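Next, two complexes with chain A in common: one pairs it with chain B, the other with chain C.
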Partner chain A sequence: MEISTNDYRVWTEASTIHYEGTMRLSGTDAYAPILEIMNSVLSSKPEVITLDLTGLEFLNSSGINLLAKFTIEIRKQPDVGVRVLGSKAIPWQSKSLRNLQRLHPSLELTIS
Partner chain B sequence: MSLANVKADTPQTHEPESIGRLSRHSFRAKFILVVSAAVLFDLMLAGGVAIWNVQRLSKDATEKVAQGLTTATEEYLRTYIDTTALRTELLLDQVFSEVEALGASMQTLIDNPKTGAEIGQTVELDPVLGDTLVFNPEADWSQNEPGESVVSVWGYLLDDQGDPLPDVSTQIADSSAFNLVAPGMMKTGSPKLQMYYVGPKDIPIMRTTPYTDQAQTFDKLYPGHNEDNFWDFFFPGVYESWQSWIENPANRPVPRDIVGTAPYIDAITGAKIVSFFFPLWTEDRSDVAGMTAVDITLDQLSSLVENVKIAETGFGFLTASNGNVLAVSDAGAQVLGLVSVGGEGQGVTGINRFLEQSQFPEVAKLELPHNTGTVIDSLSLGTNPDGSEESYTVILKELAPINLWDGEKIVSENLTLGFMVANDEIYASLTAVQQELTEATQRIVNWQIVVLLVSLFIVTLAVYAVSGRITKGLSQLSHAARALQNKDYSVRVSIPTKDEVAAVGLAFNRMAEEISYHTENLENLVEERTRKLETANREIVDLNKRLKTENVRLGAELDVAKRIQEMVLPRLSELENIPQIEIAAFMEPADEVGGDYYDVLFDGDHIKVGIGDVTGHGLESGVLMLMVQSVARALQEQGDRDPVAFLDVLNRAVYKNITRTRSDKHLTLAFVDYENGKVTLSGQHEEVLIIRANGETERIDTIDLGFPVGLEADISPFVATLDLNFGPEDVLILHTDGITEAENEEGVMFGLDRLSESAQENREKSAKGIAEAVINDVKSHIGAHKVFDDITLVVLKHR
Partner chain C sequence: MVQDFGNTVASNGSDATSFALKLRAEPLELSWHHCGVTSDFIGEYFSRSCGSGIDPVDARHSISYMINEILENAIKFRHGGDVELVSTLDEDMFEIKIVNLIDAQTAEKFQGHLTLLLEREPGELLLERIEENALNPDSSGSGLGLLTLMSDYGAKLGWSFTSEHVSEGVELTTFASLRLS
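== the complex of A and B ==
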């Protein structure tokens, strides 16, 4: 599955979800298609879901809200592990991704 | 595009010239022209080659024939002249032989004087053969009565009574045998004018047969001859020459005793003659004893050459080595342009027609051959009346030499036989052949041209017929296209062939059908489309109305939200009343209603400044912000000074309200509490900047001081506080990510560094001044680029 625009691209490879570009969508409704992709991966109940954010240069607060809500959803399913890949070079990630770990302490966060 | 435009674009102005079926622009005419030209070229090439070959053949044949004919003609002429020369020599030889025979008889009598005298006396006694002299006292000569022959005795040989002197009588008697022999010889053999005998120089009596009145004629033509010696008078030099021969026979120019004369007019007969002499010798051969002679007319000689017939007008002529033409026909003389002149001979009157005096220069220049065999030459004698050159072939052959008395002495003479024939006549057959060949060639050429024209005609006819079939399809197409142009859409073509034209025809028919269909249905189509458009338009108008209504509703909703947000923000007067801290705030939402929150709560001695950022914008975010503000105010009024508890309670209240309203929003939220030169930070939000009075800048990370509000039911485990000194002239800056993430056109964010620098540079200014300067920097950074997020800045400066 893949969603691609001029600004960003989101696609899945098995249980890994890749994010790339700049996501500045206007609200929850706008992020719904992306959440759909993420939920479909979750519904397949993989052992570990990987969120690869290393190519995501910018994510607005609605996007961060999306990630937080998705983390809470994963937290409700103890069988599904989650791994988040981030980049130190991108300012918003080092600031916001730690909140995901706080939401779901077993979340494996790698900021390289 | 409107229908009117369509009509205006339809090309109607250029009416092409109509192309007739066989106008010179028509395809058919071009086709016929090309094929005809190809055939014409082919025919002309083939015809040209044929004609060229025929002409070459004709030329070659003509050359061969001319060559052969010329060779044959020359061969013939050579043979002919050789034969004629032989005949001439034979004729002369015969004449010579006869005069020699007569001379030999006389010489026999001289050599036998006794018998001779006896024969003479016997003859004289004969009543028929004997001489009966009759003296003519008036003329003073004696001559016999008419008979077989005549004897004349000149005055100086007679005595006073007119009788011959004794020696003369003896001589007469001794030579009377002439009467016996000569008449017979005269009558037989070759044709001769006369034969005669002349006595020795001292007794030059003259005997002649046949009988003529020779003395009377001499008297008339040669007065004085009766007084002078016969020999000296008539033939001066001949006698002496002979005498010299006795001394040395080698003196003879030609080793034969016969001597000829140049032609002259005979005194007796008046005919043009030549004479041949044969000398007689004394018994002891010590002196000349007279001569026998023969005269032949030139006519007789001429008959030889005049019998020469070559072609039509070719003729022969006989000329002496001095160019004097002895024998030629009158026509021949005319051709040669000869002019007769009187002879200068002493004894006899000559007749001269010299070649060199010919009126034609080429004849006058003619060189007679001498020891050079037969000569063939070509002469041009002016032009014919028809303009062609009058050219002749002349062929000359030298005859065997004879002795000739030239009037003074005896010399060697070579007569020359000549033939002359007009080239026209020689080559008449050649000309005829050429004519035949030319005519044949012309005939072939004519036939060739006729065949060529007929072929061309037939081919053109065939091409015309075939082209009609070939171009019929095109012609039909052309007419159909014109009909179509004239708006006759019913036109269709029918092409029976199975070629490309037929394919075009099929395509044409299909197109015509479509055009016809479209044209006829155009109005229906337009009407249908118009109806559809009208329906669509109505729908759009309706939709537009609905949208307007919706917009008005949404706009009203947003107006309400905006009003609420503005209403809850602290008033300027409130801020100015705060004693220790100077506070300035700036807020600009990206949409009508922003998601940013700030508040300043002051209850007399405690200042609490909050800043937050709700996810998203709009009414829902605004309401959430209002909720947060209300709870915060309530808590502040309750006097809860523990920042951790403050945040925990606030989160619980908001979380529960969010759950109830099924909103999926949350917010970051941080507070700054000021009391007695000290600030306490709590809650997770953007980094807090502190610019110290000395210019030092501190950045305080708030990640570990809290957690997003409204996301979790209990955030107390994550909430912490941080205490910092905040003295006079110190500046504290709070902001939302709308400032640091503001992008310029290149996509470069304003960033914390620029914010920090801008605040640091302007720290001397009042809080309001700092806020204005920083916002200016942010605005100039953004430029004309889009503002994505709400921009909120709160500046605290210690008084």
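== the complex of A and C ==
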């Protein structure tokens, strides 16, 4: 599954969801197709879902809401683990991703 | 009539590096796309003029994120008219003022929202808001822009509402400052 535009690309490989580029969509409705891809991975109930954000240079607050909302969905399913991969070279990730861990303490966050 | 909320006092003086931009409502037809382009441009501009001891990558990103969030609100809620931006940098202190027009009803609603926002610790309120959003799939806005700025970026924010005649709308000036590191 893949969504690709001039600004960003989101695609899945087994239970890993990759994000790349700059995502500044206008709100919940605009992010809905991306949430749909994410939910389809969750509905297959994998042992661990990996969100690979190491190529996501910019995300606006509506996009942060999308990641937070998905984290809460995963939290409701104790059998599904979640791992979030970030990059130290991308400033928003060190600033905002820790909020996901505050929402779901067993989320494994690696910013390298 | 003027009503102020939060921190509306600028600390940068006339010696600061300053840059002003006006996004004209006509004939460009201001749209969502202008938020990202404008905020990236100003972030890039100031990241090249910040002094030693400041990480230009972090400066460019933080300035761009801050302006983008405030501009997205300005574009989403504006009641016609131009959008003006004045930004200044004095050593590690970046400040921006964004002016746009909103209608009286939007102003009243936003003021109620700000009163709640300023009473609480932003980090706590951010998590609460996220949990609320998850319970309301129909809500179109996340309301996280200002909260992430305050909680994750340590930004100081203020708002000034000026109106003479209600029928002409309310001029909203958003003040934001950030200590770059």
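Observations
As a convention for this text, the second predicted complex is superposed on the first by the 112 of 112 C-alpha atoms of A that agree within 3 Å, B and C clash if a C-alpha of one lies under 4 Å from a C-alpha of the other, contacts with A are read in each partner's own complex, and residues count from 1 in each chain.
Going forward, a residue touches a chain if its C-beta (ideal position, glycine included) is under 8 Å from a C-beta of that chain, and two chains touch if they have at least 3 such contacts.
Note that the structure is a prediction, hence the values are computed from the model and not measured.
In this overlay on chain A, chain B clashes with chain C. When the two complexes are overlaid on their common chain A, residue A:24 makes contact with chain B and with chain C alike. Look at A:64: by the touch rule set out above, it reaches both chain B and chain C. In the superposed model, A:89 lies in contact with chain C only, and not with chain B. In the superposition on chain A, contact is made by A:102 with both chain B and chain C. For chain A, the partner that touches more of its residues is C, with chain B and chain C as the two candidates. By the touch criterion defined above, A:11 lies against neither chain B nor chain C after alignment on the C-alpha atoms of chain A. Note on the superposed arrangement: chain C collides with the chain B stretch 777-785, while the other options among 183-191, 219-227 or 777-785 stay free of clashes.
Note: residues 24, 26-28, 58, 60-62, 64-65, 68-69, 72, 95, 99, 102-103 of chain A belong to the chain B contact set and to the chain C contact set alike, using the contact criterion stated above.
Residues of chain A touching chain B in their complex: 24, 26-28, 58, 60-62, 64-65, 68-69, 72, 95, 98-99, 102-103. Only residues 595, 613-618, 664-666, 668, 684, 703, 707-708, 711-712, 718, 737, 741, 788-789 of chain B touch chain A when the two sit together in their complex.
Taken in their complex, chain C has these residues touching chain A: 32, 35-36, 57-58, 61-62, 64-65, 68-69, 72, 76, 126-127, 130-131, 133-134, 137, 139-142, 144-145, 147-148, 151-153. The touching residues of chain A, when paired with chain C in their complex, are 22, 24, 26-29, 58, 60-62, 64-65, 68-69, 72-73, 89-92, 95-96, 99, 102-103.
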